[in-house]
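Just so it is clear, A, B and C label the chains in written order, and each chain counts residues from 1 on its own.
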Amino acid sequence: MRLLLKSHLACKNFPLRVQERIIEGLLWLSAVITILITAAIIWVLLSESVSFFSEVSIIDFLTDKEWTPLFAQKHFGILPLVAGTLLTTAIAIAVALPIGLTIAVYLNEYAPGRFKQTVKPLLEILATIPTVVYGFFALTVVTPFLQKIIPTLAGFNALSAGIVMGIMIIPMISSLSEDAISAVPRSLREAAYGMGSTRLQTAFGVMVPAASSGIVVSVILAISRAVGETMIVAIAAGQQPRLTLDPTVPIETITTYIVQVSLGDVPHGSLEYRTIFAAGITLFIFTFALNNLSFWIKKKYQEKYD
Amino acid sequence: MSKKPYKLEARNLNAFYGGFHALKDINIAMEEKAVTAFIGPSGCGKSTFLRTLNRMNDYIDGFRVEGDILLDGRDIYGKDVRVDELRKEVGMVFQKPNPFPKTIFENVVYGLKIQGIKDKKVLTEAAERSLRQTALWEEVKDKMDKSALALSGGQQQRLCIARALAISPSVILMDEPTSALDPISTAKIEELIYELKNDYTIVIVTHNMQQAGRVSDQTAFFYMGELVEYAKTKTMFTSPKHERTQNYITGRFG
Amino acid sequence: MTNSDKNRLKDKAFQVFGIFCTFIGLVVLAIFLIDILIEGISRIDWDFITSLPSRRASRAGILTAWAGTLWILGLTSVIAFPLGIAAGVYLEEYSKKTKLANFLEINIANLAGVPSIIYGLLGMEIFGRILGLGGSLLSGALTLSLLILPIIIVTTREAIKAVPRSIRDASYALGASKWQTTWNQVLPASFGGILTGIILSLSRAVGEAAPLIVIGALAYVPFVPTSPTDEFTVLPIQIFNWTSRPQADFLVNAAAAIIILLLITFILNGIAVYLRSKWQNKVKW
């Protein structure tokens, strides 16, 4: 055995070490590819946008109140698309936030454990349905239903697209908020009960404020999701860029515009082709800012509790 | 008494976790085919020291050692030493039994398989041999293809020892091997250690004074990262040189 | 009425409201599913599943659409799984807590939040134009691979994180190298979790329409694709196309196709949920 040791400790099996190095290199490469993807996204959006902004002034882009790049009388004001995007997003959040947060509080403070375990996965189903299916739902069920209440409602409108998008986002807010609320230390809840608070007072007086940063994060992520949502609005909200806050008329979001152009036959290198990258980079900036805001809040929040 | 040769030696060993000085100037020489026990209060550095003996701390961020650890006179932190080869020579058994979530057979032959040994006959023989060494053979021979997780805690720990023996190490490190076991299983493991020292050099970390007294030939007492006292177990338990050692082994602090 | 009575009443009221909110989503979901079923189920027959698209609603089928969906799923799996699992393994097992690791983590979280249509723009430029793949299956699969990569990486990491330290220690102590330990112990022990993640990522990919529309997948493809460089359509695009037509007959077709798409989605999710619960109930270490 002593003899064995000599050979053991020496550099035998040299190829094994090389193999380890190669594998580690490949794994590293796979991880670093994700940085390349981000770089590629930014490069693609920027390079085409730069060409776009060499032909269209950035001031017109940000201030012109009309977006008609596909018409003879061209206007390149992004505001109508941004307005359409924000309008549908606002409606979606107006639906999803109260319902999602109530569900989170209810499941955490009121519902029996088994009920919670059954309902949570059921709610998650809402998040797994393809968005094109939601679009169909908005167009063929929700809009006709709403037209009975609001007779002036157009066939394509921000309202029903927004509401349906809100329903889709409910599980996102409810489960992230629920995680945040259940992460609040038990002692806080017990302190509140100890002073004779009802469940409602404990929930909204103690738990929700204590979990507020986590809830804010969930809402920001939901906004980011709604801003980038495409198929629901493409199907149900219309394709008419219009600077309005009226939810009953057809509008167009940034994402819908990109789909609209993609469906047509716009030649590469034309100004029309580049408009979708200018629209894309606007969308990317919105979601990028929202996502990073949520990371920043999450980080601060974690430090607070550790 | 015949002097046995030294198997493991630490010279001026210092270890750090980032800025924390975990082991301070340790000098110790452990005899071949003997049991050396490390005792001391929690956080005294005994487990850290044990884990430097087969470089298990290598993967911890910010951990580094200064000084030498010699195995048969060769520095195990030397540049030409392969960690995996070192660990085939210096086996380890952990605090909690940690069988792989695989069959009993797969557990025992894992060390051989990763060395590239595929011959079924060689593997089967090695498995039987090491399971016999740990007195587990009779209990498991009919369920070699059952999950190791189905065994009792004591059996699992003996399986882990068999697993370490299967690759024929010369040194076995044991990190509180019985702390998660009941008294009967503990007794079996202690008995096993007593037998194994005929063929292996054993280093054991333990919290249990009686255990150190029962199984070890030499005992080292660690305190706050320092080696306070190192002597024959009998000597240390009957007439410790340092007051701290005496306080510890009589249970005045822990 | 005392103050305390009022509080108790409010408490009860909220409880009722909570139940209402919890069920409203589910009720809407139920209404919707029933509506789709009523509208579409009678349209589903063998002809519908095996027919090529047509300009006449009554003769149009979804053969090319579901064949395209299967192609896309297969190709995406082949591209995204190894890449995503490898990246997850690197981040969890290999990388030290360096600035690069931190940056990688933030970057992946960011990628997960990039809207799918932006991936479409990326795919159209890089795969479609620069690599010259156009609106082919390969182009679409590569685009969707990038889209689901963050999901696979994150779930792989979580599954690996759940493998106890002691298993790795035992393997290292027997002289196993890092990769031997990862391959023989860590990956098998986290297999269930990783599988759950990749199935969920597939269920995400199967429903995507926007990025594929952007890279140029067509609504009308008269042939079943036979190679990765062929043009294609997928079920969600077919549904979108039928939904945007004015004739009511096409809406019925859309509903029928939705039933098929939902079936695929629910089966994938069902498998994932089953695997997850099975894995959670396995012996604890």
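Convention: a contact is a pair of C-beta atoms (placed from the backbone, for glycine too) under 8 Å apart; a residue touches a chain by one contact, two chains touch by 3 or more.
Since the model is a prediction, treat every value here as computed from it, not as a measurement.
Centrality by Cα centroid goes to chain C. The largest tally of C-beta contacts between two chains is found for A-C.
In whole angstrom, the spacing between the mean C-alpha positions of chain B and chain C is 48. Each chain gets one centre point, the mean of its Cα atoms, and the points for chain A and chain C are 15 Å apart. Computed centre separation for the pair chain A/chain B is 53 angstrom, with centres defined by C-alpha atoms. Counting only residues that touch two or more partner chains, chain A has 16. The set of chain B residues touching two or more other chains comprises 84-86, 88. Touching of two or more other chains is recorded for residues 177 of chain C.
Those residues of chain C lying in contact with chain A across their complex are 7-8, 10-11, 14-15, 17-19, 21-22, 24-26, 28-29, 31-32, 35-36, 39, 82-84, 86-87, 89-91, 94-95, 103-104, 106-111, 113-122, 124-126, 129, 146, 149-150, 153, 177-179, 203, 206-210, 213-214, 216, 236-237, 239-240, 243-244, 251, 254-255, 258, 261-262, 265-266, 269, 273.
Contact residues of chain B toward chain C in the complex are 54, 56, 59, 61, 84-88, 91-92, 94, 96, 98-102, 110-111, 113-115, 147, 149, 160, 163-164, 167. Of all the residues in chain C, the ones that touch chain B in their complex are 96-97, 164, 166-167, 169-177, 180, 184-185, 188-189, 283, 285. By the touch criterion stated above, chain A contacts chain C in their complex at residues 16, 19-20, 23-24, 26-28, 30-35, 37-38, 40-41, 44-45, 48, 98-99, 102-103, 105-107, 110-111, 119, 121-123, 125-126, 128-133, 135-137, 139-141, 167, 170-171, 198-201, 203, 221, 224-225, 227-231, 234-235, 255, 258-259, 262-263, 268, 276-277, 280, 283-284, 287-288, 290-292, 295.
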